[in-house]
């Protein structure tokens, strides 16, 4: 089984989840002072922006992974389904986070709940790669075993860092929030070395 | 008429239905005890997870079927449209089920309503295959009539089991719920024999 | 400009609009008698089913049309955008219709509002075909001018019939509703002659 | 990295954002005078139509741009993600605008908020083109440097005009609204010269 359909289906879920995020921002009730209300929604804008960038980074990551994974079996399909289950879940912790920041209450729990979701997403990314790379099971022959291992270590960065931030969130929610943002800036930052091999060909 | 467009359109509906499920989980009202509220939402998480896996399994199943169906006519299109109508309906019984479990009221009816929807989905899957396989009408020549019949029997497992569980749900909702989960684990479980023929080529 | 992207974008809008319909069916409030509530939602199920089939038929129709339209220009793009605007609008009159049937109030207006939307959709379908077929502007050379004219007449059936039903709805809403359903059964009914030319090649 | 996946993902987001717009139009409450209610929703219909056409024009524009951009790097991906973030945000200012027009209150702010979103979308469109066209970095060789510069100037029309309208909206909201519509009519208007080069080949 080739991977085109998994990629197309996953892209669909990513695109929908990323666009549904806006539905969690509710229009201020009629009759309220619009300016104050729009300004007071900054936690919703912040949560929207973070989740949008997170899903954007997951999407890019997913593609980078499936440039090397060229076959799929039932186990990979299953891991990918669980991965998508938590990506599609993200609008919910996003809304919980926005409300906690807005109310100035329960920020530690809400930030940790958000980080926990990101951690689980990251764990499934790592699991997919480990499964696919085990004995080069589902990988293209264009990637060496050494490179596959290096990638495996890089995919660990996400869940480990998110996991740490999830715990930190319980005592320092704003620090954890900054950490989530920094991580995604790191994931999305242009890396010249990554494409070096390809450009050479 | 070839089947590419039916598959692409169906994939779109599957991806959207699976991602819309999250919209049924409502953010706890502002001012409530967040921890208790998030924990009390376990029926929503459970219903979300079951429906996500159910639609995931339907998607995989649909693809497995359209590996063998290589032509489409108006009747198949019609059957597929009804199939999608009930798949896209699933977020509603999912939310009804989550609420019943949360309230601890009407679980038999809600579980049976949910199972009934799965049964109808399964009936349309079977109907599509029967129609396509009748006199090898719309099938590829790569599948033998015997294999087509075996597949037909396998596609019957879903609606028959779901149908039985729908009735059981009226007296033992939790047993039926476990049964829905077990069925999907069975559907998603790796089966080496299934791909044997392909690997041999 | 070729038509692949218009078709893919339109398919996306159709798939999303058809799947969003379910969001208009609200879960009965907690604490109510679930059985009675689920039964009392029959107008929502009916409206859901009709709109699902309507969008399904529009989708099939759109594809049938773009089998013959092989080029696109800015005007066609504009007409298609307006066509999609009213297709994506459909969940709103669907919900209005369901509520009117449920309340047993304002059925004539709600049914007419629904039919009016279908009429406008049909007008844009016809307009697209007329524009594309004028002097064979955007059509494939595989379709003759006579056949194009015959198709043009067939595309007129929709808006004319819907237009008449929209007026009838104001005095006999249930009759109009039956008429909408009958029309779509007619649109979706297998027609052997339609594919005769293709099968012959 | 080629641009197919960016285009497919962006198209997905455009299609979903454009279709979600309808969810912001709420069904009138049960028991109200339906005719008066449906008529009083004209600001929602207007805002829906404007946003639908705006996203339609953005989609067409995006495609026109990616006819010339043939390679993608991480920076372009990042700019595109921010572009999509504001496109997917549009249903929110659309709903705010509809409510302000409906209430006859806060129109200047709501119209300016709406225009501000369009301005930011336009800025990212321009930024993407500037980045891609800088030293012909990511462009096809089929477009000359002169033509790239002309396109760059044309892409500036959007954000500059929207920016001006955003300011005007604060004192003359209806004038700004008319200006948004006029701009999109201009963007969508058939231009024979644009495709001249292609038709010649």
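Chains: A, B, C and D, in written order; residue numbering restarts at 1 for each.
Here is the rule we use: contacts are C-beta pairs under 8 Å (C-beta built on N, C-alpha and C of every residue); 3 or more make two chains touch, one makes a residue touch a chain.
Everything numeric in this text was worked out from a predicted model, so none of it was measured.
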Third chains touching both chain C and chain B: none
Chain separated most widely from chain D, comparing mean CA positions: B
Same-site or different-site touching of chain A by its copy chain D, using the half cut: different
Cα superposition of chain C on its sequence copy chain D - rotation in ° rounded to nearest 5: 90
Inter-chain centre distance, chain A versus chain B - centres from mean C-alpha coordinates, in Å: 26
Between chain B and chain D, centroid-to-centroid distance (C-alpha), Å: 37
Set of chain B residues in contact with two or more other chains: 12, 16, 20, 23
Chain-level touch network, classified as line, ring, star, complete or other: ring
Interchain contacts (touch definition) - all pairs: A-B, A-D, B-C, C-D
Of all residues in chain D, those that touch chain A in their complex: 1, 5, 8-9, 12-13, 16-17, 20, 23-24, 73-75, 77-78, 81, 84-85, 88-92, 95-96, 99-100, 102-103, 105-106, 109-110, 113
Of chain D, residues touching chain C in the complex: 11-12, 14-16, 18-23, 25, 27-28, 30-31, 34-35, 38, 48-49, 52-53, 56, 59-60, 63, 188-191, 195
